[in-house]
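Chain naming follows the written order as A, B, C and D, and within any one chain the residues start at number 1.
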C-alpha cells in the first residue's frame, strides 16, 4: 500500500507559530507516524507542479490524505477532476479538518459542506458512536483534545454511510466528526480534528485513527463494473 | 388519526415532586398538547388491566407513545408481543426517554439499548443534524433544556435509519437523541428528553417534536406484503 | 405547492413514434396527471430561454421534475448550478429515467451515475422493498411494465438514503429503481422508468409514484441552518 | 481467528438426495473450504448437547456460521440468548439461506424476517450492488446459480446497514441477498443462497463470499463501551 499525503503547506510557510508545532509541515508529521507503522508514503503540496498530483503519482497512490485551508481556490480544477476520477476508480481518500471546504470534497459530496466554526481554544471530546468500526480500533471510548477549533452542526454533508465519531465542544456544540462515504469504487473518510495551531497530529490516538482510516480506505480487490450497452444474458431457456 | 399515550405512571404516584411537575401524569401532559393540536388521543397505564393495551385498543391506535422507567419488568411479555405485532403491522411507535430500556424497544431493536447516564441537573442542547426531516419542522437549530438527566454514548442501538438530533451535555457527553427506524410496516422514533423530575414535556419545542413525530409515524396507505409460497409470475414469453 | 416539470423535449420533436405516444410531450403528460390531482404545475423545456429555468421560476418551484436524454450537454452550466443551489435551499427534485446522466443529477451525486442499458422491449417489474415508505403508498406489491428499456447494475450512485424500488428485467438484470437522497435542505428522488418510446407515464401506478414523490419531496417547514463564525453559547455557569 | 459452523443437520440425515450433495453435511462442506483457506474451524449441530454451542465454545468463536431450516423451533431459547449475548459482545455471525427464519436472526432483527419462496429449479443471478465492499472481493460482477430455490421481496428485515447483493430470479422476483448489520459489538451478514438440494456451497464464488464474510465479521480490536452511571468528566475549567 502506498499513501500520498497532500498538504496545502501555506500556514507553515507564513506563520512561525504553526512552523513551531509542525516543523516538517503537517504532511511531514503525518508521514512520520505512517512510516513508523511500516506504511509506504509520499507527500505532495500545493506549490509543486500540478500540486504534486500528476496522473502518475495518483496511479501509484492507494490512499490520498488531504489537508487544505486558506488556498482551496488555488487548486486547479483539472487536478481536482483527476483526483475525483482516481477516487471513483478505487483510490481511498482521507479528508482532514478544514479539507471539508476543499474543491475535491465538495465535488464528491455535491453539497456546500458548510458548518459553524469558532477559534477559542476549546476542549473537544470525540466520542466513538460505532465502536466495532475498524476506524475506531485500538482507541478508547473517546479522544480528548485540550484545545481545538470548534466545528458545529449543522454540517451540510450528505448523510454519512457510517458515523464513527461525534464531537463535543466546551462551548456548547456537537459535530459529526468521523464520517465514511463510498463514491464509485473509492472509500472516503472525513475526520474533523487538526487545526494548524494545535499539536493535534502529534497525539497518539489521532494518529491511530488516521492509521486505521488508511487501512480501511485502501482499494478492495474488486472487479471493475462494466457499464454501457449490455448484451442480454441467457436468462431464458438455458437451464 | 388516533394516538394512544402509554405511561408507567409510577413516579407520579410515589413522588410528590414529580406529581407537582405533572399533576395529570406524564401521559396527561402529553395528551393535553396533542389534543390542542386537534389530534385524537387516549391514554393507557401500567396498572390498568392488560396495561390498558388490549387488542382492541391497539387495533384502534395509529401511533403509540411509550414512557416507562422503574417498572419495565412488570410489563407482561404477552402485551409486549401484542404491541410488537401491531408495530410490524403498521402502527407507529414513539419511545420517550427511559423507554430506551423498555421491553418493547429492546425487542424491536435486538440490542441491549444500554447507555451512560447521570442525574446532575445538567444543561442539554439538542442539535438538529437533519434539518429537512419532518420531525425537525418548526423548531429552531437546537432545543435547549436548562436541566435534564444526562444520557451518554455509547448508546447500544442498531444504526438508526435516520439521525435527527444529537444532544450536547454540560458534563462532557454527546448522545444520539432523535433516531428513526422502520420495523415491518411500522415507523419508530426514539426521542431522548423527559426525565420525570423536570418540566421537559411542558416545553413548547419538545411538544412540537412529539407532534411532528406522531404525524411522521402514522401508518402509510401501503399494500400489505404477501409472504409465503409464491406462484410463478408470468415472467417468460408473456409479452 | 407548485411543481415545475422540465423536459428536454427533443425526442418528441424529432421522432414521430415518440410524438404519437406523447402528443403533448413527456412534460405535458406528467403535467396532466399532476393537475388531475389538484397540484399546481408549470413546465419548462430545453429550448426555452434559460431552458425555462430562470431564478424567478425556480424561486417559485417547490418540486422540480427532470427528464433529459440526448442533450444533457446542451444544458448550460449556469442553469445547472442555479438548480443545484435551489435544491440545497430546499426545493425537491424528482429525476426520471435517463435523467440519471443529467448534469444536475451527476453534480448532486458526485459519481459517474453510469449503468448498463439495453433496448430490447423487455418486461420490467418494479418490486417495492420499503412498503411503508410514503412514495410506495397506494400501489401494489410491484408495478409491471410490459416493455421497457433495461437499466442494470452496477449503478454508480452513492448508497441511497432509502431504497424504495428494485427492478427485475426479463433479460436477467436488476436495478435500484427508486432511490431517495437528501442534499442540503432538498429532497431528491430518482425513479427509473420512462423510456420515450413506451407509454410508461400513461400507466396509473407510475403516475401514483410520481404524485407520491412530489408530495414527499416538497420543502419542509424547517429553520435554515446558520453557518460561519459562531459566537459561544452560554454553555458554562448559566444554569 | 476461529470459525464455528453450526448446522441443523437434519435434511442430511433424512434425505438421501441431500446426503448425496453434501456427504459430510452442509457444515462439513463449509468447513472444508474454510480450512483450505487456512482458517481454523469447528462445527456444531442441533442434536449435540447444548446444540454444540456451550458457553466455552462460543467464547472461543470469533465468527459463527448458521444454517437451519426445518427445526428452528427445536433450538433452545437458552442457547439462542447465549448466542445473542456473544454477538452483542463482538462475535461475528453469518446467517445462511433459510437461517432467515432462525430464532437467533429474528431475535437480532426484531422483525418477522418473512419472505416469498418457491421451489422450482430457477436460475438465480446475484448482482453485486456495492462493488468496493470487502465481502464482494475477488468475485465477478455477478454470481450465477443454474438452479436454486427462489426467495422474493418483500423481505421483512430492518433496512440493512449495507446492501451488497441483489438477486434476480428466473420466475420474476428480486431479493436483497447480501445484507450487513451491526448489533452491539458484533457484525452480522445474511447471505441468501444455499438450498439443501443444490450444490450451491460447492461453487467457488459462493465459497469466496463466505470466506470474505468471515474475514469481514471477525471482532474488531475495539474498546468495550462502559455503560451505566457515569461520573462527570472534567468538562469545565480544566484547560
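The criterion applied here is as follows: a residue touches a chain if its C-beta (ideal position, glycine included) is under 8 Å from a C-beta of that chain, and two chains touch if they have at least 3 such contacts.
Note that the structure is predicted; figures quoted are calculated from it, not measured.
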Does A-B or B-C have more contacting C-beta pairs? B-C
Just grab the chain with the largest centre-to-centre distance to chain C, centres being mean Cα coordinates. D
How many Å are there between the centre of chain B and the centre of chain C, using C-alpha atoms for each centre? 33
Inter-centroid spacing, chain B versus chain A (mean Cα positions, whole Å): 36
Scan chain C for residues touching two or more other chains and write them down. 125, 128, 130-131, 141, 152-154, 159, 161-162, 170, 172-173, 182, 184, 225-226, 233, 235-236
Residues of chain A touching chain B in the complex: 125, 127-131, 141, 152-155, 159, 162-163, 166-169, 172-174, 176, 236-237
Seen from chain D, its contact residues with chain B in the complex are 84, 88, 107-112, 114-118, 120, 150, 152-154, 156, 158-159, 161, 170-173, 181-184, 225-236
Chain D residues touching chain A - in the complex, by the definition given at the top: 90, 121, 123, 125, 128, 130-134, 136-141, 146-147, 161-162, 170, 182, 184-187, 219-226, 233, 235-236, 238-239
